[in-house]
Amino acid sequence: MLDRPSSQAVTLGELAVQFGCELHGDPQIRIDRVAALRAAGPGAICFVVNTRWLEELRTTTASAVILDRGLLADCKVAALVARNPHAVFAHIAQRLHPAPVARPGRHPTAVIEPGASIDASAEIQALAYVGAGASIGARVIIGQGSVVGAGAVLADDVRIFPNVTICDGVRIGPRSILHPGAVIGGDGFGHANEHGAWVRVPQIGSVVLGADVEVGCNTAIDRGALGDTVVEDGVKIDNQVQIGHNCRIGAHTAIAGRVGMAGSSVIGKRCQFAGDAGVAGHVTICDDVIVTARALITASVDKPGVYSGAFPAEPAREWKRLVAEFRRIGKLRERVRKLERDGGMADQDDEENDT
Amino acid sequence: MLDRPSSQAVTLGELAVQFGCELHGDPQIRIDRVAALRAAGPGAICFVVNTRWLEELRTTTASAVILDRGLLADCKVAALVARNPHAVFAHIAQRLHPAPVARPGRHPTAVIEPGASIDASAEIQALAYVGAGASIGARVIIGQGSVVGAGAVLADDVRIFPNVTICDGVRIGPRSILHPGAVIGGDGFGHANEHGAWVRVPQIGSVVLGADVEVGCNTAIDRGALGDTVVEDGVKIDNQVQIGHNCRIGAHTAIAGRVGMAGSSVIGKRCQFAGDAGVAGHVTICDDVIVTARALITASVDKPGVYSGAFPAEPAREWKRLVAEFRRIGKLRERVRKLERDGGMADQDDEENDT
Amino acid sequence: MLDRPSSQAVTLGELAVQFGCELHGDPQIRIDRVAALRAAGPGAICFVVNTRWLEELRTTTASAVILDRGLLADCKVAALVARNPHAVFAHIAQRLHPAPVARPGRHPTAVIEPGASIDASAEIQALAYVGAGASIGARVIIGQGSVVGAGAVLADDVRIFPNVTICDGVRIGPRSILHPGAVIGGDGFGHANEHGAWVRVPQIGSVVLGADVEVGCNTAIDRGALGDTVVEDGVKIDNQVQIGHNCRIGAHTAIAGRVGMAGSSVIGKRCQFAGDAGVAGHVTICDDVIVTARALITASVDKPGVYSGAFPAEPAREWKRLVAEFRRIGKLRERVRKLERDGGMADQDDEENDT
């Protein structure tokens, strides 16, 4: 399984060639795994991207390190010099710890409804369910206990971990990965109020995930009310994220854990949302926006850049004092205004602020 | 399935009569679906509730639009005039896109324990589980992979989506809908501290959901410690909501995604909680309270109205500056006090604030 | 099941002896359940820890109450005087409402892969899955629909509720309890950016849970990127908590609902996190830290104590005013500085703040 990598050895020279790095050291060194600088030993390759790990770099017992030219002098072992050491590390880790390959076939306890079309190379694991009219592409893996609803379409090389729920009619692009407990295509939250009670609005849209999308554990992406909720190519979504109905997430945007997006929001390409960030409903965020942890976007954003909105925790007594002061700012301003008046100053500034 | 609506045609005249609307246009027009104004075409009916969509209204190619009398002049196609267009739209959408009807029977892979009582009209889907002594009402649908614990009681017309967990002894009222990944009746979080370690307190209460309750994807409602956690009739709960043990949620309250309610809170009727709002433990909130996004209710609320508590995100540099200013308010107040003293002013106000 | 306790009667005298309490009243009184003071009747035993419940104590019809000596005078029924009434209550509740005992065997619909080692005393419930090479200890209960991945190790007396996912290679210590929907060992969120797109970094570490750990409904604990994510003995985690890759949670720490911990954070022993608290990545928190609801820890904490960071909600109009004032503090400070200048005061204070 993805989370139980097998190891396969390769020489440092092969890696240098395959990933276009400048090799410093013996090309015959055998590399069989990636590791952390501190925990590494013979056979392990590591990476360093900044000087925070300089000490670990100088003392590592790894066989080789992927690094930036600037750190080469501090590396006492073999090195692969790369422009983007982290990306090269990712590629090498994928080479050394490859994702599982589908073992074609269906476990006898899996349930496949009539009319489902399943590629012969797909793997349907134990106790999984595939609904009528669903289409399962080549080399797809559907994990134990996962449910693929009627009419859902999974493109080639999609990997579904255990206990995932893909609701009816959802479409998932090639190479996308859904982690355990994810729910794609649950009904959006739509109710009309009538005399104080709620009347359910059927959610007749669907969800479309592009290629190379990743969806974390227990994340929920709701189906659209009338149209579709869309997640474009290359979007990476962490655990416990909530994406409301009718949202559109632009390509290559990354969304960290516990982010919440209310309905009908449109997010640009290459955006990044840190943990627990939030987006109100019906807002539009342009490309290349970074939202830091816990920040809440309440209005549309049309300028790329970094946006913040959280307060760091303080010792409780200090925080209590700060909140009390916060509640009194208006009173303080009144006092300043009085001082200004007594001093014969105009205070248009203040007036204007009040209007 | 609910999320794969079939369409059934009807005439505009029938809809006008059934839902008490004033018809403008040809009663023979065939309507086969609901749609968004922009995406609509022949056969589609839409709705408009405010002037934000005026342009779409004027140019829609829908067959008909449900609207408020005030917008009639701007509608170039047939119209149904209604006092509450959104509610009428919801009813018409339910008529055109009806929820699935239970197909009586049990899938051969479903597991039904001895002593479970299941109405002959109920549908138990593949790989679902129904525990000993559970009671399943008429026309109930239990989705693939869902687990209904021992002694649980599901009233008529309850719909359980796939991979839902209903723990032992939970009771669910008629027509309630549970979405994928929801967990009803998990143990409350109760531990007593003894010499620095935690001693588990058995949670022996249960959960009672009323009629017409809706529970979103991956939402968790904990069972009571001693008594029951209660969700009254008509409550609508979105995805990833957490409701702690012993809470009581009043009828027709709506709770949006990612809201958290700590234990033993009592929420009134017809309240509305926007996304990510929170409620501390042991507080009481009266009827008709609206809590906006991200607001945290820390004390009981006895006045109906709107409550807020979130800061909108700002550009990071500006936010950093604001937080720094915030941390200095006390110092600023000292300086104002000094100015007042130097000006010979009394400052009881300040003193009083300090006490 | 845990959440459907059977009751077994015992005498008050036996309880006093077993749990070392001072008995006031007839040792022959039969006790068959725990209950809340208000709802109690003959056969029930309750507890009181503070004077908030004094009225209920004076009027309870319970057969006995566990309390602090200070409250004895207000108790009209039999009493067990204890130094830690809550802990004694927890122990007595466990005695009266014992957790379920494993019924050895495997349900015929459970799937056990070849090479899994399962103790003869373990209970594998319906539609559960145990992967190749997994090891299941004595008296373990694996709930319906739960998935135990290949090579996972569950120590003795572990209890897995329904629809839990334990990914490959995860190790779980004795007596730990996992609630429905929990996911242990999903891939950490690790991606390297390359030319604006994300390259997946395989997560080759695992998750190790210690002894007596509890994990709430729909909580996700990610596997480590290179090393393991570690949750030490006695840690109690509530629902919908997210623990990122490489975190280490110290022994006997308690984490309430909806807390989020970003990757690589190290949390001390005996810490307490209230609901919705958050911890940024790569921070270290010392032992005995208490974080109140919604507080966000953004930097390492090296002093035990209580930390806060949330604003209580206000009526919306008042909150709007406060936020406006907050945005103007800088302007206000300028005005104070001007007053000071006009008064001929130095304002190093202000200057220093600005640097």
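Side notes on the structure shown:
Each chain gets a letter, A, B and C, in the order it is written, and its residues are counted from 1.
Please note the rule applied: a residue touches a chain if its C-beta (ideal position, glycine included) is under 8 Å from a C-beta of that chain, and two chains touch if they have at least 3 such contacts.
Keep in mind that this is a model prediction, so the values were computed, not measured.
Because contacts link each chain to all the remaining chains, their graph is best described as complete.
Shared numbers divided by all numbers used gives the overlap of an interface; between chain A and chain B this overlap falls below half, so the copies present different residues.
If you average the Cα atoms of chain A and of chain B, the two centres end up 25 Å apart. Listed for chain C are residues 109, 127, 145, 163, 181, 218, 240, 258, 311-312, 326, 329, 332, 336, 339, each touching two or more other chains. Only residues 1-5, 33-36, 39, 84, 86-87, 89-91, 93-94, 97, 99, 107, 109, 126-127, 143-145, 161-163, 177, 179-181, 214, 216-218, 234, 236, 238-240, 252, 254, 256-258, 270, 275-276, 293-294, 310-316, 319-320, 323, 326-327, 329-330, 332-333, 336, 339-340, 343, 345, 347, 349-350, 353 of chain B touch chain A when the two sit together in their complex.
Contact residues on chain B toward chain C in their complex (touch as defined above): 109, 111, 127, 129, 145, 147, 149-151, 163, 165, 167-169, 181, 183, 185-187, 189, 191-194, 196-204, 206, 218, 220, 222-223, 226-227, 240, 242, 244, 258, 260, 262, 278, 280, 291-292, 295-299, 303, 305-309, 311-312, 321-322, 324-326, 328-329, 331-332, 335-336, 338-339, 342-343.
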